[in-house]
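I have placed the structure first, in the form of structure tokens, so that the comments after it can refer back to it.
Per-chain numbering from 1; labels A, B, C and D assigned in written order.
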Amino acid sequence: MQGEVNEFKPLIVAFCCNWCSYAGADLAGSSRLSYPADVKIIRVPCSCRVNPLFILRAFQRGADGVIICGCHPGDCHYTTGNYYARRRMTVLFRLLEFMGIDRQRVRVEWVSAAEGAKFALVMNEFAGAVKALGENVKLGDLRCKP
Amino acid sequence: MQKIGVFVCWCGTNIAATVDVAAVADAMRSEPGVVYAADYQYMCSEVGQQRLIAAVREHALTGVVICACSPRMHEQTFRRAAERAGLNPYMVEIANIREQCSWIHKDKAVGTPKAIALARAAVAKVLKNAPLTAGESPVAKRALVIGGGIAGIQTALDVAEAGYEVDIVEKSPTIGGRMAQLDKTFPTLDCSACILTPKMVEAAQSPNIELLTYSEVEKVAGFVGNFTVTIRKKARYVDTNRCTGCAECVAKCPARKGKNEFNMGLDNRSAIYIPFAQAIPNVATIDASQCIKLRTGKCGICEKVCSAGAIDYNQRDEVIERRYGAIVAATGFRPISLEKFGEYAYQESPDVVTSLEFERILNAAGPTKGQLVRPSDGKHPHEIVFIQCVGSRCSEDAGKGKTYCSKICCMYTAKHAMLVREKYPDVRVRVFYIDVRTPGKNFDEFYRRAAEQYGVEYVKGMVGKVWRQNGKLMVQGSDLLNDEQLLIPADMVVLAAAIEPEPGARALATMLTASMDTNDFFSEAHPKLRPVESPTAGVFLSGACQGPKDIPETVAQAGAAAIKVVGLLSKDRLVTNPCVAHSNELLCNGCSQCEKVCPYGAITYSEREVVDRGVKDVRRLASVNEAVCRGCGACTVACPSGAMDLKGFANRQIMAEVDAICRAK
Amino acid sequence: MLKLHLDRLFRIAERRKLFAPIRRAGVVDFGLWEPGADVDLETLTSRSAKGLFFPQSEDLMVFQMRGKAIEVEPAAVPDDMFVLFGVRACDARSFAILDRVFLEGPVDTWYQARRSAGTVVALGCPGPLAESCFCPVFGIDLAEPEGDARAWVLDGELYLKAMTEKGEALLKELDGEEVDDNALDAAKADARAKMAQNPLADLDLTGLDGDHMMEMFNAPEWKALSKACLGCGACTYVCPTCQCYDIRDFDTGSGIQRFRCWDSCMFSDFTLMAHGNPRRTQLERFRQRFMHKLSYFPANNDGIYACVGCGRCVGKCPMHVNIAKVIRALGGKHI
Amino acid sequence: MQTVAERVIARAKELFFSGEVRRVLGWERGEFQHERIPALYETAEQLEKLVYDEYCGPNLSKELIALSKLEGRTLAILKPCDARSLNLLLREYRVDREKVYILGAGCTGMRGRDGLLLKCETCRGKDFPVFDEAIDDEECRKVPDGDRFADVCRIEQMSGDERFLFFRSELSKCIRCNACRNICPACSCNQCVFDNPDSGVSSKASADPFEDSQFHIVRAFHVAGRCTDCGECSRACPQGIPLHLLNRKIIKDIGELYGGYEAGGRSPLIDYRASDGEA
């Protein structure tokens, strides 16, 4: 891997809800299920805590993909949080796509605490998709380039 | 200026094998705000914690980052350690470099840079952390149970048993509820009254239980541990302390046109009445809408015949206010109205009855003294058709009925069929069903007994139409198994009407800010893990108000609700989670978006004066009840102005994490 | 006076940056000329030309983080030479006003650098470009714009006259035929005549100056005048003479970028201080803007008004409140 | 329209002189033929200047946030689209209904310097969701049959890069004057996140194209499910940016996904269904 010097390494920010998806990530870890180091996880209490500003912020700062993971609909620790998140993100993602931002750079996935395998799978898949898209230039901020 | 200490754990080789822990510590030393960084084999060990404590004291650390395993493992451990060192426990952040790094990456070339990135994010976050202190609120050591059916009674008994005071509010004149109307119970066929009435008596006699019958909840304020509830005790026009329940007045009352609710309106009762013989409290109640004296001022017979002088025509409703620590909803169910099901001729023929009406007909204390006769002519029926799923399992576009399965119908229909065949072997009994559902201890055996031993004929199929024809009820249905159309001349038709929540429940749910599903059943806090709690802290659910249930299930849930109540009342003070939402009143618009998404009703609004940039203004402002908020953060995104923020997961903190992670690129 | 075909002028883009009124996404603004650019000389640019010397946002310095160390790196002073073509008489006059603000000590390094790097080729108007034009009210001759060189376009031909050394230098780079200065007199007279007919040409400034400051300030008309004001910055940001700016820091993740950007006295957070806002109501903020242009500025600058009658604010205000209404209400015999 | 306008003005004066209302919010003539300026009339003499005609484009609803804090009732002359906006402000407790007398004024489409206003080409309808009394006629009830989503659909047909270039070139014209925000009846925050230094995203100028995108994306998202499509953002923009396209895209999506909404009801973004589709 690290042999290829100028290989594009995407930066992926993953917002994971504390009760399901973050636990799912832990399970992926304790099951030694690997996924790219490009994925960096930020813990939030619930998927409904994710503000569109955070997503834009990530892209501004150089992220190439942003994924939001929450409990499966119906299983939200707070009963309704992921339902709100689902609507918000649906509307936001469609708007971004409308403005020409690659749809595949953003994603919502429901991962339960038992789905360590799914978590790893999703992250591998998403990282692959984002890598294929290449660097995010459309929503980047030149001032934040190193 | 913050002073951050970073501690990198090896977790033996769990982390150290694929992450260069020393390099991580080293990288952290050059992070802004970090004044101390070290690595150690096992941070969670007592020695490790001591190192943490020592460093906090020695370097006067204001914040700590632990690079170790998942916070779900040891966040509490390290928070307590920090507290022991005199640091606010919420000034601790964990970088999960085991589950999220060392365990999923093969070598240090990959693991170390990622660990550094995660550590950076944690440092960036803790730099924006603020000390948080958990709030406390007192607990009123009294519970309120709303609904005096078997669910409410059982919950109250268990709570009382545990030594706490509990009130039962029941809107009808007596407790007992639906179970009191039942003749026998499946699958044991023991008499319902025989097992219920002792519990009713027990409830009445318990020193810890106060029965507020013929009363309704009018207003609920406050929050978990501190509810203030307004209750209206409706006027009975009878002094309950004097009334002996001798029923002399009932016998003499000239107004006898009132529909007898207890017998599902199959017969009439007098204006002054006692719902049934074992009613508790066993006192008379005057139905103002029927009473001649109250309507016209004439009559007054009951007053004359009452030797106890208990009649009081001038009695008024009484409104009382009480404080409770916990509230249990046990409002129960009722059969749905069948007006939309004209095909079964329920409105046209008195011989088409619902199962609950049939229950009364079979009951020795019922309108027919337990004789199985046709309501229309009092004749003995020879052919009875039972129709199941009337209004249950309807498709959404049917425009009538319920989509759910009412759960209890299969069993009570088997019970009715069996009872009929047992007492009157001459009666032919057929049951039309879609599926027979008998999950439950001894349920299927019971059903098979009905079919195999008692000769109840089960017909898989739907009934299309029922109509009256020369004294008979023509039942047209299909027998799917034999693939034939049946036309049955029946004497009686019994409809297993779907059950639905009591209509009052919706209003109550609103008062309690407890959410309901689309069918007006109370929603549970978690469908699997918190089935007897409502999402609103301090409000619990008992019995069929949460979903269709039979008696054993109801009693079980009632007990579970009781233990939740007891668990709550056993505390003197409630410690609240400090990671809750908070509204900046200078930014708040009072638009109520946050209030609408809050699943706990934790957000309230009030008009307050603010000074914004030197300008005085009176505004409608949100405030969060920290005892009720659970910290999901739904409100923070619903709020466009950013007035709502979440302590511990504040906008600035999360953005700082994002920035730090992206900086690593 | 030099006569040449317009395209000839664009050739200097090979040697120097050339900025001209260019139509992009339906809006005409000054932009960098490139082959194929849609140059539009008939329309008044949406924004004024001031951005060429005083951009809406420009970096002042960077505080670069190197681990815990901080290095201060001042932003480079812009010095690449450019030509600004197509500036109208109104905008051309605005430079003189901005010069008073930025060059009469303390000198604004960045503004000064851009001024000396830029050569202004002002363009005479064939008449008012919009019904909202009123430059004559401020003694501006739309036919004889100020600048390093004056230009006119007549029947697709470009006429150039150098006014300064910079102008001379520029003209030397262009080859065209010498023509008599009076060749355009008829056209100029015609343009002035047309302008005289413009609806706002009769605005009367009598009583609006530094000497009537208090009467103006206390005039009851402000209440009605400012009623509809949204407190947006549209007027300010299209104005050729508004020169207020804010200095802000941007966290790049690896350091702090300190930049300045236009600000508007119409904004509720303009000059916001710890104690609150010195002008708490929109009335005060609205009054401030026009008092500054019509009274405070002349009071401190030999009677020169800080308005050049370009009329952009008149056309742009979504609520149709503007300086013309203010002059109508307070000017003339009124005070 | 002519007679409707006369009736509206007459009625406004009647209500003012009867003492029913303390003041009248309407329009007055501006410098030019097409200019009508929102004006507040508090005396009989001022009221003579009240005008209502086919140039009264500006949406007056937001003015009522401040006016409903004054003593006594304010009469507001509202077009159907303005009334829709007020309905939102009422639902969000920004305006005190008791303090406002809504005189619904029929409208045949408003004009500006360049003719019929863009927002009027695809009018949302001529009914008044909230009013005390409405004055209109047959002509005023005719709704133009323009498809308000036509432009959105056209853009949806473009390739991703085309869409990006389109919006980048449009948004790059933005000068951050905040006219769109300040005039928007759904943008009623006391302090906008973009004006709040503590929000972490405040910015006065778009120093980088990202900030243009961020400002308009976030603004569109904040008014999502609340936007009344009054079209004022695009009308107000001094740079002619078709900002309404972002809002209409969201309105269109919400319509397709969640069955639409009418400002005044519950916003679909603070609501949900278990059966909602996935993002």
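Keep in mind that, in the parts below, contacts are C-beta pairs under 8 Å (C-beta built on N, C-alpha and C of every residue); 3 or more make two chains touch, one makes a residue touch a chain.
Not measured: the values here are computed from a predicted model.
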{"item": "Pair joined by more contacting C-beta pairs (B-D or C-D)", "value": "C-D"}
{"item": "Relative to chain B, chain with the most remote C-alpha centre", "value": "C"}
{"item": "Whole-Å gap between the CA centroids of chain B and chain D", "value": "43"}
{"item": "Centre-to-centre distance between chain D and chain C (centres being mean Cα positions), rounded to whole Å", "value": "31"}
{"item": "CA centroid of chain B to CA centroid of chain C, Å", "value": "68"}
{"item": "Centroid distance [mean C-alpha coordinates] between chain D and chain A, Å", "value": "36"}
{"item": "Per-residue multi-chain contacts in chain A, two or more chains", "value": "52-53, 57, 61, 74, 80, 84, 88, 143-144, 146"}
{"item": "For chain C, residues that touch 2 or more chains besides their own", "value": "250, 253-254, 257, 268"}
{"item": "Multi-chain contact sites of chain B, meaning residues that touch two or more partners", "value": "597, 638, 651, 655, 659, 662-663"}
{"item": "Graph class of chain-chain contacts, one of line, ring, star, complete, other", "value": "complete"}
{"item": "Interface residues, chain A side, partner chain D - complex", "value": "52-53, 56-57, 60, 73-74, 80, 83-84, 86-103, 107-108, 138-143"}
{"item": "Residues of chain B that touch chain A when the two form their complex", "value": "70-72, 96, 98-101, 103-106, 109-111, 113-114, 117-118, 121, 515, 523, 525-528, 535, 579, 597, 599, 630-634, 636-638, 646, 649, 651, 654-655, 657-659, 661-665"}
{"item": "Residues of chain D touching chain C in the complex", "value": "30-32, 35-40, 46, 58, 113, 169-170, 172-173, 175-179, 181-183, 195, 203-207, 232, 235-236, 238-240"}
{"item": "Complex contact set, residues of chain D against chain A", "value": "152, 155-156, 160-168, 193, 200-201, 207-208, 210-211, 213-214, 217-218, 220-221, 224-225, 246, 249-250, 253-254, 257-258, 268-274, 276-279"}
{"item": "List of chain B residues in touch with chain D within their complex", "value": "586-593, 596-597, 605, 612, 618-620, 638, 640-642, 651-652, 655"}
